[in-house]
Amino acid sequence: MLKVNNLHTHHGYLHVLNGINFELSEGELLAIVGSNGAGKSTLLGTLAGVYRASSGSIEYKEKDITKQNVQRMVSSGIILVPERRQIFSSLSVKDNLMLGAYHRYRRDHKNVHNEYEEVLELFPRLKTMLNRPGGLLSGGEQQMLAIGRGLMANPKVLMLDEPSLGLAPLIVKDIMQILRKLCDERGATIILVEQNVKAALKVADRGCVLAHGQIVISGTSHELLNDPKVQEAYFGKVEAAKV
Amino acid sequence: MNSKSLKLIYNNSILGPIIFFVLLFCVPLVSSSNYLFSILTMVGFYALVCIGLTTLTGYAGQISLGHAAFYGIGAYSSAVLTGTYGLNPWVAIIIGAIISAVVALIVGIPTFKLKGYYLALATLGFGIIVYTLFKELSTITGGSNGFFGIPPISLFGFEFITDTSYFYLIWIFVFFAILFTRNIIHSRIGRGLRSIEGSEIAADAVGVNLMNYKLQIFVLSAIFASVSGSLLAHYVSFINPDLFVANTSIFFLIMVIMGGKGNIWGSIVGAAMYVLLDEILKHYVPMLLPNVGGQFEIVFFGILLVLTLIYMPDGLVPRFEKLISKFKKKTPTNGALQSTISANATGGDNK
Amino acid sequence: MSNKRPILSVENLTKVFGGVVAVDNVSFTVDEGEIFAVIGPNGAGKSTLFNMITGVLPSSSGNIYFQEKRLNRKKPYQIAQMGITRTFQNLEVFDNMSVIENVMTGAHITMKTNILTAGLRLPSVKKEEIKTMERAIEALEAVGISDLAYEMADRLPYGSQRLLEIARAAISNPKLILLDEPMAGLNSEESRQLVEVILKMREKGMTFLFVEHDMETVMSISDSIVVIDNGVKIGEGTPEEIYQNPQVVAAYLGDEEEEGVEAYA
Amino acid sequence: ACSSSDNSSETKETSTEPAKEDAATAEPSGDGEPIKLVGIFSSSGGAAALGEPELETIKMLVEEKNAAGGINGQQIELITYDDKSDQNQAILAMKKALTQDEATVVIGGTISGNALAMLPLAEQYETPYISLAASKQVYVDESGKARKWVFKMPQDDQLAVERILQYLKEKNLTKVAWLNVANSYGTGGHDEFKKYAPEYGIEAVIEDEFEATVKDAKPLLTRVKKENPDAIIVWGTVQESAVVIKNIRELALEMPILASHGIATEQFIEVAGDAANDVILPTGKLLVADSLEDSNPQKEVLLSYSKQYTDKYNKPASTFGTYAADGFNIAVKAIEAKGTDRAAIRDFIENELGEYIGVTGIFNITPDNHMGLAPDSFEMVRIQSGEWVLEN
Amino acid sequence: MEVLSQMMQLLFSGLTLGAIYALIAVGFVVIYNVTGILNFAQGEFAMLGALTCISLVNMNVPLWLAIILSIVIVAAIGGIFERTALHTARKSSVTTLIIITIGVSIALRGLAILIWGTQVQTLPPFTDNTPISILDAVLLPQNIWAVGISVVILILMMYFFNYTFVGKSLTACVVNPFAARLMGINPEKMSLFAVIVSAGVGALAGTVIAPISGATYDMGMMLGIKAFVAAVIGGLTNAPAAIAGAFLIGILEAFTEGLWSSGLKDVVTFSFLLLILFVKPEGLFAKASGKRV
């Protein structure tokens, strides 16, 4: 359904993505991990049309969408939940959520309201603060809001940039479950960039490790969980830190 | 590490300014046109105001739409103290600067609690109030009729009457103002100021006393404006309130932005552009389009201003610098971006 | 921890936003040289607590003492000058400056230049500048991003910006550093390195108060932990104690995090 | 719009092409300097409505003069500048005129502020300067003496005020309301009023100002209404006076309205509409030239200027143009008599010009009075259904 | 009785002034809300509207049609202004953009002199303008028009920004254009839309003012500044509040002038503004900004 071919992206002089290739089918959940500055956010940004790819192609449902701008991406159902949350700080929580459904609000009025109820079920905390300006929420609450807003779009392809950032452990688990459900029940395709590697790989179908703008390891999540290199880099934390 | 390392982020060389000013001060050797010097003198007045304003706008991120008020306070202080009370002009300039500084302090303390446009408006309001006072306090200022008969300035018996002498006088002031502010910008104070624009909250958290810095710079810029106003008064010998309307403040800001608000040289370039553009338009518009009037120059001026800013959003000087650094940078070291970045970061100086 | 002199004590601190009680009567004491963690669910009031300690928000009631001096009503910059610096949950780098200038700005309070000496550029000013620059490089080396020193700060990836904030907070040699979720956005390898940096700084005599959701880190490096939920303190103690606390487990950790628990218990 | 855009801010012109060649070949008169006439007017900006007719008049007259062979056979080189109604621009223009162009005579300075800013330069560079701005300060220095190099063409505000006061006294309207626009024109008038009203036994029951950008003066007028004066004097220029006078009518205040000479243009009637009816004002004789008695020495001059201007620019002549016309004619007389020596020109105007019958009035310039007009250069007129009618 | 009638008169004047300021202030706020720019050319839209309308009437176009046409024409000019100037420079800093609007206003003023000259022109009142006397105070139908139109705009704006989805998405664009894009909102389109609407409202303001105080090429400047004050007093981001601020300023000016002195009117207005800013730095009716750390 989504096919990425030899994708390159530059920031100014800096060559950030250096030939990315992968393919995703409907209902699949891909986890991307990698160190700080590897280009994960840049990859998602390129897929979402925020950054322009300098070469390579992105195909969605057999159509080349490499040059589409963000608005077009959104209307074809490719949604990005960005790094840093990007809340509309002076708008209320409710308005923030509603704007998530901007691209289909007019067509799909009724469903939007159903979705709204569903999102609030997922994040009961938000229910208590519907009229509070989004910018006044706590970090984690804002993260919930950003994810909720992404869900409001009824995405076909959902990309999340570190959704667990700032969330309490309990909630992280819930969110991973929700994402899984989204794939299984609605057939959404999800790309998940995560630093919480274990949690991510647990729900993902497949995973890959990004380094210096290239995919260096990829496989099923099971394979990755058991890959010694991955283990060393990502799960070795406790012992090492215990000094 | 030595002072070389500082060069990586700040270009503190004094060479640039000295070359510039030596060249400038040589102009009288090649030309004796009084008209040229009166134009350069005018540029000098504006540049002096703009140097302070640039620091305020470009580094502290504060827009002031009220600097004509300080310009006016300086001018009227000089006028009244020398014209009415017969004081020495130099004393009057200093008293004017002190008055401006005090006024700036009084206005600044409540005003700098405001952010962004609210500040712009507060200063605009302040400017209009001061303008109205110039008009209404007619027993002191002469009201709308203006103040006539301001004596010329003199030093050790030498009277600054000719345009050439005044040209030297004002540009010496500009020279020291440039050095002084440049030094400030490339220091702890400059970083403190810029940090305010970057993130007020974080600036606060590293111990930068925002209010204090903004005030200091505001006062400094008020003093520059005031001195410039005083010098203007002694130069033209007649002033009236209309010189200090809100529009004047707006034009100061235009000069700053045109020149490049992140760069003190921008203030000179902006002031020069403003004055020269006017003179050039006056000269060429009628050649291109005979039979149209001064109005057309206004249209041209507006359009040129817009075009300049569309194509050089950061102003003329940064654009110029970018060209230079592109030209110079043939052998990038480890970080290809490095030199351009640091040039941008410091809004460094052209050489 | 041998010397147990308190450096920061918070007494009955409360913050009310309109109708919401974000922090409710919270008290605790941080000892010198400690690494002290504050944990709790989202919206519990942790950042609000930090904001009160650093003077960003006024408290509604209660007291904060830093080395026996009362902090209430002090401005943030005054508090910074007393030796408390911090990082921000939502990142507040000076994005109009290069990385090194960011860090040099962090050294603001350790410098003496004023507007007059700066304007006249006395030799002392120059000396001070050079020294600060060298220290800034060191600070960047410590967190491992000195190769980015001359980049514009806003072009750094998220994780590096976090490290930059830490370097900026540390350069002024503060007595107490408040870190709001320092590990967010870092992967485990990077967190591990950061933990080492923190431990090293502690050796130099700094005290840390930090908020973190990454339990592995919290459990591994903190000396004491306070747990707040809905603004109320629901637990306090060593990592082991906290892990045994059923209230904390129910409110925050979730009961099926067994594998993790075993790791430290 | 076409004719009004006919001016340019800097045009070195010797009118027609063949005339220009004449200029090159013409035998220089006197000491051999060319006749350089510089005009500095506010032909754009706030005072454009005043500056435009001045500029047009000068251009018209220079063209005519050059076509007729110039002065003593020498062509006049006219250089004009637009000061954009801005003081600093005026200074720059003046400086250029005196140092770069080396003007023989400078005519201009549309508004007082600009004229005042320019005149120290005229004194410094010892060049005759004929000012077209109204303020008395322009030709009288602080000590009350005439400024050496400056002459002034328009009547003082004082004359207009005195003329109004005279009228009020005649009509026995002693308790008046004084309202002036809040700018130098307004306060200038007000100062004169305060000085001379007691002499004529006129008392102001209320004195106040209104903005030049006034939208609604009724708040001010409610205070006037309360004082119930015998007459209201509205001292301003066209737009603001029209608004105030309209508001007076709307409030149904019945007392006579007197206005300044600043509204003496057709435009006022257009803008104020019906409200203009019965407004009484002093004005130069231009507006009522037709109805002057034939014996009036100015009548012929007025009619010919008015016709010439209207023929050329296809619009009614304005009082401001007459200042420029007089300034030019006086300069020409002096140059005809003395050549291009600046000091000689100045001396001529001061001592030898004698009684000069101009468009604005009859000038009697003396060493003590560099304007030389008397109150009778104003006529009182009343607006009646869009026409200017001489008030007895 | 006399005092009462004077007060009434002052109130009427204040409301009229307020209405005029309000119509321009609304444009300010709409553009600010969507683009984050203070549009210094806003007053020029009123000037263009007034003068265009006058020209059309002089060409014997019926008044109502002339008004509509001038609104359309000025809205189109606004659109061109947005596309050519604001849009092309959209990546520049806000200060630069503000100066660009100043540049545009300078150019428009010059253009207006070229087309219409410097002379004052008038427009006939919308309807028969016989003064209506209420308690000895007079009210002109044109003033009622002015107040009426601004109240209608007030209601429309209130509804639009608070209750419509498009209104919210307009706000979203300035709060966080990047996120707005990610929601599929096109900030550029929104900005175009906002400028067109404000230009139209500005033109309407011009046609309302012209019968009251005449129209000249330079009428926009002071109107713009006063409207700016009104908008800030209201809180800058909130159109209804800006209108309320405008009425407040109008009434304050009328009463200062009527009871004290006209010369000091501006001093009073701006002192009031400063007072408000110092006491309530975010304006009288500001909404929470949503900023914290």
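Letters A, B, C, D and E mark the chains as written, and numbering starts fresh at 1 in each.
Heads up, the rule we're going with is that a residue touches a chain if its C-beta (ideal position, glycine included) is under 8 Å from a C-beta of that chain, and two chains touch if they have at least 3 such contacts.
Composition by chain, UniProt nomenclature: A = Amino acid/amide ABC transporter ATP-binding protein 2 (HAAT family); B = Amino acid/amide ABC transporter membrane protein 2 (HAAT family); C = Amino acid/amide ABC transporter ATP-binding protein 1 (HAAT family); E = Amino acid/amide ABC transporter membrane protein 1 (HAAT family).
Note that this is a predicted model, so its numbers are computed, not measured.
Trainee: What is the set of chains touching both chain C and chain E?
Mentor: Both-contact set = A, B.
Trainee: Need the most distant chain from chain C, centre defined as the mean of C-alpha atoms.
Mentor: So the farthest one, by centre of C-alpha atoms, is D.
Trainee: How many angstrom lie between the CA centroids of chain C and chain D, rounded to a whole number?
Mentor: 74
Trainee: Using Cα averages as centroids, what's the distance between chain B and chain E in whole Å?
Mentor: It comes to 32 Å between the two C-alpha centres.
Trainee: Suppose each chain is reduced to the average of its Cα coordinates; what separation in Å results between chain B and chain C?
Mentor: 41
Trainee: List, in ascending order, every residue of chain E touching at least 2 other chains.
Mentor: Chain E, residues with two or more chain partners: 110, 113-114, 263, 266, 292-293.
Trainee: At which residue positions does chain C touch at least two other chains?
Mentor: 47, 56, 88-90, 92
Trainee: For chain A, what residues touch not just one other chain but two or more?
Mentor: 136
Trainee: Give every residue of chain E touching chain D within the complex, in rising order.
Mentor: Answer in residue numbers: 2, 6, 9-10, 12-14, 16-17, 20, 110, 113-122, 131, 138, 140, 209, 212-214, 216, 218-219, 222, 253-259, 261-263, 265-266.
Trainee: Contact residues on chain B for chain C in the complex?
Mentor: 1-3, 5-6, 8-9, 12, 180-181, 183-184, 187-192, 194-195, 197-199, 201-210, 216, 220, 334-335, 337-338, 341-342, 344-346
Trainee: Would you pull the chain C residues touching chain A in the complex into a rising list?
Mentor: It is residues 17, 40-48, 89-91, 155-160, 180-181, 184-192, 195-196, 199, 213, 215-217, 220-221, 252-254, 257, 263-264 of chain C that touch chain A.
Trainee: Within the complex, which stretch of chain E touches chain A?
Mentor: 165, 168-169, 171-172, 175-176, 178-186, 237, 287-292
Trainee: For a test of understanding, state which residues of chain B touch chain E in their complex under the given definition.
Mentor: Within the complex, chain B touches chain E at residues 57, 63, 110-111, 113-115, 117-118, 120-122, 124-126, 128-129, 132-133, 135-136, 201, 246-247, 250, 253-254, 257-258, 261, 292-293, 295-303, 305-306, 309-310, 313-314.
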